Amino acid sequence: MSITYLEAIQAAQDRALAENEFVYIYGQDVGSFGGAFKATKNLAAKYPGRVIDAPISEDAMVGSAIGATAEGMRPILEMQFADFSTIAINQICNQAATQFWRTGIPCPITVRLPSGGTEGGGPFHSQSMEAIYAQYPGLIVLTPATVEDAYSMLLEAVTIDDPVVFCEHKYLYYHLKADQLPDKNLPVGKARIARTGKHATVVTYSAMVHEALRAADTLEEEGWEIEIVDLRSIKPIDTDTVLASVARTGRLLCVSEAFPWGGVNAEVISRVTSEGFHLLDAPPKRLNAKDTPIPFHPNLWKAHRPASQSIASSLRDLLRY
Amino acid sequence: MAEAKIKGSKNKYCDSESRYRAAFRYMLLARVFEERTANLYRAGKIVGGVFMGKGQEAFSVGLALALDKNRGDVYGPLIRDQAGRLAFGEALLDAARTYLGSIEGPMKAREGNVHRGNIPMGIIPMISHLGSHISVVSGRLIGKRFCGQKDAIGGVCIGDGGTSTGAFHEALNQAAVEKLPLVVAVANNQFAYSTPTDRQFACDDLVDRAIGYGVEGHSIDGTDLSLCLDTFQKAATRAREGYGPQLVIGHLLRLCGHGEHDDASYISEKHKQGVFGRDCVDVAQQYLISSGWSNLAEIEQWTAEIQKEVEKATSCAQRESGPDPFQETWQALATTRLAEGNSTA
Amino acid sequence: MAEAKIKGSKNKYCDSESRYRAAFRYMLLARVFEERTANLYRAGKIVGGVFMGKGQEAFSVGLALALDKNRGDVYGPLIRDQAGRLAFGEALLDAARTYLGSIEGPMKAREGNVHRGNIPMGIIPMISHLGSHISVVSGRLIGKRFCGQKDAIGGVCIGDGGTSTGAFHEALNQAAVEKLPLVVAVANNQFAYSTPTDRQFACDDLVDRAIGYGVEGHSIDGTDLSLCLDTFQKAATRAREGYGPQLVIGHLLRLCGHGEHDDASYISEKHKQGVFGRDCVDVAQQYLISSGWSNLAEIEQWTAEIQKEVEKATSCAQRESGPDPFQETWQALATTRLAEGNSTA
Amino acid sequence: MSITYLEAIQAAQDRALAENEFVYIYGQDVGSFGGAFKATKNLAAKYPGRVIDAPISEDAMVGSAIGATAEGMRPILEMQFADFSTIAINQICNQAATQFWRTGIPCPITVRLPSGGTEGGGPFHSQSMEAIYAQYPGLIVLTPATVEDAYSMLLEAVTIDDPVVFCEHKYLYYHLKADQLPDKNLPVGKARIARTGKHATVVTYSAMVHEALRAADTLEEEGWEIEIVDLRSIKPIDTDTVLASVARTGRLLCVSEAFPWGGVNAEVISRVTSEGFHLLDAPPKRLNAKDTPIPFHPNLWKAHRPASQSIASSLRDLLRY
């Protein structure tokens, strides 16, 4: 058996619906059509009335899910693309995220954001919005990089009593396969050492984990052992695991597919330099996408985002220091 | 808006003596309480702002009395719904505590003034972004439908200005598609802050929007308590019977500033002398007396009782302590294990 | 939707031979071009997606021909408006280049497929977020009003699904308040991606929304080119004469998938055989022939010319190079001195 | 003569309207009422038809302004509170910010955001959203801390050919006064040394500049000379000025009123540690608001945001290192 990242997301939702009668799915075209990416394939038929097509009303989609939680429901919302969640940002960040703090009543919604770039996606079907959401108090922001994490973290997201923004990467949907789904896995909030090494640490998440792994392969041929930390969750960030890795290697490169200003890379570098300054043998480095919208054309898109080559070259700079 | 546009009519759906008397008392209670908060604000005892429902009590109470929290009904009030909140079942003390920053308040002084609610009781704690609470009420109805609680309905309040938000549109359309038992009460008080309705919309009457959503519409003189009680009761019954969302427009005038910081000098005499400029509390009082359902003496007695009630609530809230930052958890997450420290590294 | 709902009627406003012939030719050109892009997509020569206007050409061209770019009119097409774009004045080569990723394209291969426009010419370059371009068209009309350019109007396209967005509502309401000369064309093609209209709205006909915005409404069979030409001409004239926004609903059926990746198996036979299932290109062709305005031989000749035109544009675009990342400025700001480097520190 | 920060904003708009016929102002209650804060007082009467009340439609407000620029207009938009700009975020970040890159046609809109906390403001009238906007390519984000900057930077914003998010601080509206308006001033993009010192650098912006100045006064009594860099613009950030200051002091504290995850502090620390690692004699520190919504009650609000005392105490920690 072989299962893709996308199938894992479908399977997690299938299991969540099966195990918890309070779970329902709401989003555009998620019903009998099974979603734009087929992440809810077969679920409407299997769970009649619980996988519901929404009008093109992202604000109302999220607002209604928030209300439903007060009746005990645990909605999963699918945004057709992460980029369209800007329409719902007020409900996510001001309504859902503030509710527990304001009232003491939890708001367990899961908002699935098909995120990140693919060839030909262009500026409005490619965004990585995790760091926008992470800035708001009251949200949990997950960024699974593996089939196993896509499955187990989505299942866990549904059980978490807070609003979860689940950033699944579209590029991994079909590209990534695993042999089977995990029975157990690291809990949300823990980072994972995706590869051990001793000369430098790459802290990254989501699709960039795989680019970093490829870069590490290249560097290995050059005699360098690169450690890769897959954050898995970017709010919270597992700072301990990051610091422990930097303590081992003394060098830090942060890689993210998001735009360069701020974001996960800046946050990780701030934490490491504030809390583990003395661990660093070289200035920390970061690699982001460029500071323009995400280009449509594959030539440009490939140059816009970090990739194994640019990661490898940043690593060489870092190691040379 | 010409009077001919008023499409509501008294069907004596619910225009009973006891109901009317109860409604009036809530209106009076809200009025007296809000005047008290305005005084406290002017005396510097309330920070932030004070927002009053003066002139809107009849319309506000009309919706709330058509709801029944014991039946599971849900209520989404907005800034001018003190009367409705009380009628729905919010404790006066909750209001006083929130305004006065008592740590005992439902929002623990994290929130102030009108930003309060009671989720278990069915009162949505409004956020400021207008229109965004409507879909939250809808969501509760969706949740109840999932849980097999078929009997409950929702009532939600919005102003003329709030109808211009995308959130209003998305929510009303969504409710129509889902055929939810939702009563949407639009208090057209002629202004959104200082903005008159002709800068807000171009239709003759907002009730003209009903057909475009495929929902039932009602348009009434919102200063007439009988009409309000009656129309909302009718609308609530229609909603409960499965006829889908009900859009109720109440025409009235805000008889105060946007908040107590605002002297509302932009409201013209013509507006004030106009058909919706009358004070719904006066109108209701006259009706009570002329119908023989009450008399001046009794109303004076109510007023005295209410003044005591208000005095009791506000002085209690004032005596209570404010929040202590060192006792605060400073945690926005229910899932404590996933909360990040507030370390300042 | 019952036929009785079709409120449009042929007023022979503009149903002239030359206009009809021109419209038909644009429809044909769009159809042939889109079929070519679909083939190129299936051959792996186009990345991203291909979105077709099949079945919507008459409605699309109707709006665009009612606009006049030389008069300063503005056009806000959406994904199914290839026909309208051509009729408004977009070069076929622009479309081919954008689809095929040529660096010579108007968006320099930064953008693809339908995400193109020409701001100086008056074509809004749509972003994907549905509904958000409507207020942009309005803004151009506001700008023109400021600049004393009183004669120009705007035309903007949206689908049935797009009407559920808050952006649609805010923009239409704003246009009504500002009494802008804006024609809003809603192509109700019965589906938003896979979602049927009964999951999208609950009114009988989207034209029922007009009254609630205080705008004029028109509802027509969007598969009938005469009706489309006529209604849009009427609406455009009304807009130009100062009667404010015009909401035109065209009832029709998407005769293709949402995009070329979608087999649209969810569209039932009933829909396909239904009143809006007919192909507007066939309908127009029959009309041309039966009215004696053209004949099969001429249409075949047009088709041959068009095929050449399409071939020329696509092969030209295919021969051109794609973008070179090293030649890119990688600058999102016009104000170069304020641009931050893309240094990766 | 004495002029407040708020009056400076009014005066800048007055002058922009006077000097450029293509400028107009659009926002809720900005017309004859003069705006919720009176930032457009008298302007509607002085410039008939050019200061226009908007319906409560933030998305359409911004969308229409974008369209108007194509006709040569240079609109100024007033959000009634920064917090309500979440409703317009799609138009600002996806429509306005991408236009120049997509089409080569500039989009000169200025979006005024009355930002930041005040007593009793609560979670939805107090937000500091600059770092949300700064993440998106194509925007310029300004955060004036002084009366002079409020004036000159707003005037300059209107002349800039890109969308500018102008984050004016409500707390400074009445609290801050100057003797007169400047004839000339530092251009947008340059940071300002608000106070010179040699023992540590505080990098901050907006209202926090004044808290930092007070903290520096306190520290001065303890024998420390604190340098304060007022960023003025947070996108772009004047990294050179920041690095030069850190080069002088060897110590860095970043202070922001925004939520703690990411944001300006993280971005500045990342730049300094990446580009000026060797300049630092101690780990960089940062001070933000707490990771909860902004509380209504003054007791809580004061504890939620950084203030002179907490800045002073962070500085003492930093100096002790």
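Labels for the chains are A, B, C and D, by order of writing; each one numbers its residues from 1.
We adopt the following convention: a residue touches a chain if its C-beta (ideal position, glycine included) is under 8 Å from a C-beta of that chain, and two chains touch if they have at least 3 such contacts.
Model, not experiment: these values are computed from the prediction.
Undergrad: Can you name the chains that touch chain A as well as chain C?
TA: Looking at chain C and chain A together, the chains touching each of them are B, D.
Undergrad: If you average the CA coordinates per chain, which chain's centre is most distant from that of chain A?
TA: B
Undergrad: Indicate the whole-number Å distance between the mean C-alpha point of chain A and the mean C-alpha point of chain B.
TA: 40
Undergrad: What is the distance, in whole Å, between the centres of chain B and chain C, each centre taken as the mean of its C-alpha atoms?
TA: Centres of chain B and chain C (C-alpha means) sit 43 Å apart.
Undergrad: Distance from the CA centroid of chain A to that of chain D, rounded to the nearest Å?
TA: 30
Undergrad: Would you give the residues of chain D that are in contact with at least 2 other chains, written as numbers and ranges?
TA: 54-55, 57, 59, 83, 86-87, 90, 94, 97-98, 101-102, 123-124, 137-138, 235, 261, 270, 274-275, 285-286, 290-293
Undergrad: At least two partner chains per residue is the criterion; list those residues in chain B.
TA: 107, 110-111, 115, 127, 129, 164-167, 170, 173-174, 177, 199-201, 331-332, 339-340, 345
Undergrad: So that we know how the chains sit together, what is the shape of their touch graph: line, ring, star, complete or other?
TA: Complete.
Undergrad: Under the stated contact criterion, what part of chain B meets chain A in this complex?
TA: 74, 106-108, 110-111, 115, 117, 119-120, 124-125, 127, 129, 132-144, 146-147, 149, 166-167, 170-171, 173-174, 177, 331-335, 337-340, 345
Undergrad: Would you pull the chain A residues touching chain B in the complex into a rising list?
TA: 22, 24, 50, 54-55, 57-73, 90-91, 94-95, 97-106, 137-138, 140, 160-162, 188-189, 235-237, 270-271, 274-275
Undergrad: Please output the residues of chain C touching chain A within their complex, sorted ascending.
TA: It is residues 47-49, 101, 107, 109-113, 115, 127-131, 161-162, 164-167, 192-195, 199-201, 266, 322-325, 328, 330-332, 339-340, 342, 344-345 of chain C that touch chain A.
Undergrad: State the interface residues of chain B toward chain C in the complex, per the touch definition above.
TA: Interface residues on the chain B side: 164-170, 173-174, 176-177, 179, 198-204, 206, 208-215, 244.
Undergrad: Under the stated contact criterion, what part of chain A meets chain D in this complex?
TA: Going through chain A, the ones touching chain D are 83, 86-87, 89-90, 93-94, 97-98, 101-102, 123-124, 131-132, 134-138, 235, 258-259, 261-267, 269-270, 273-275, 277-278, 280, 282-286, 290-293.
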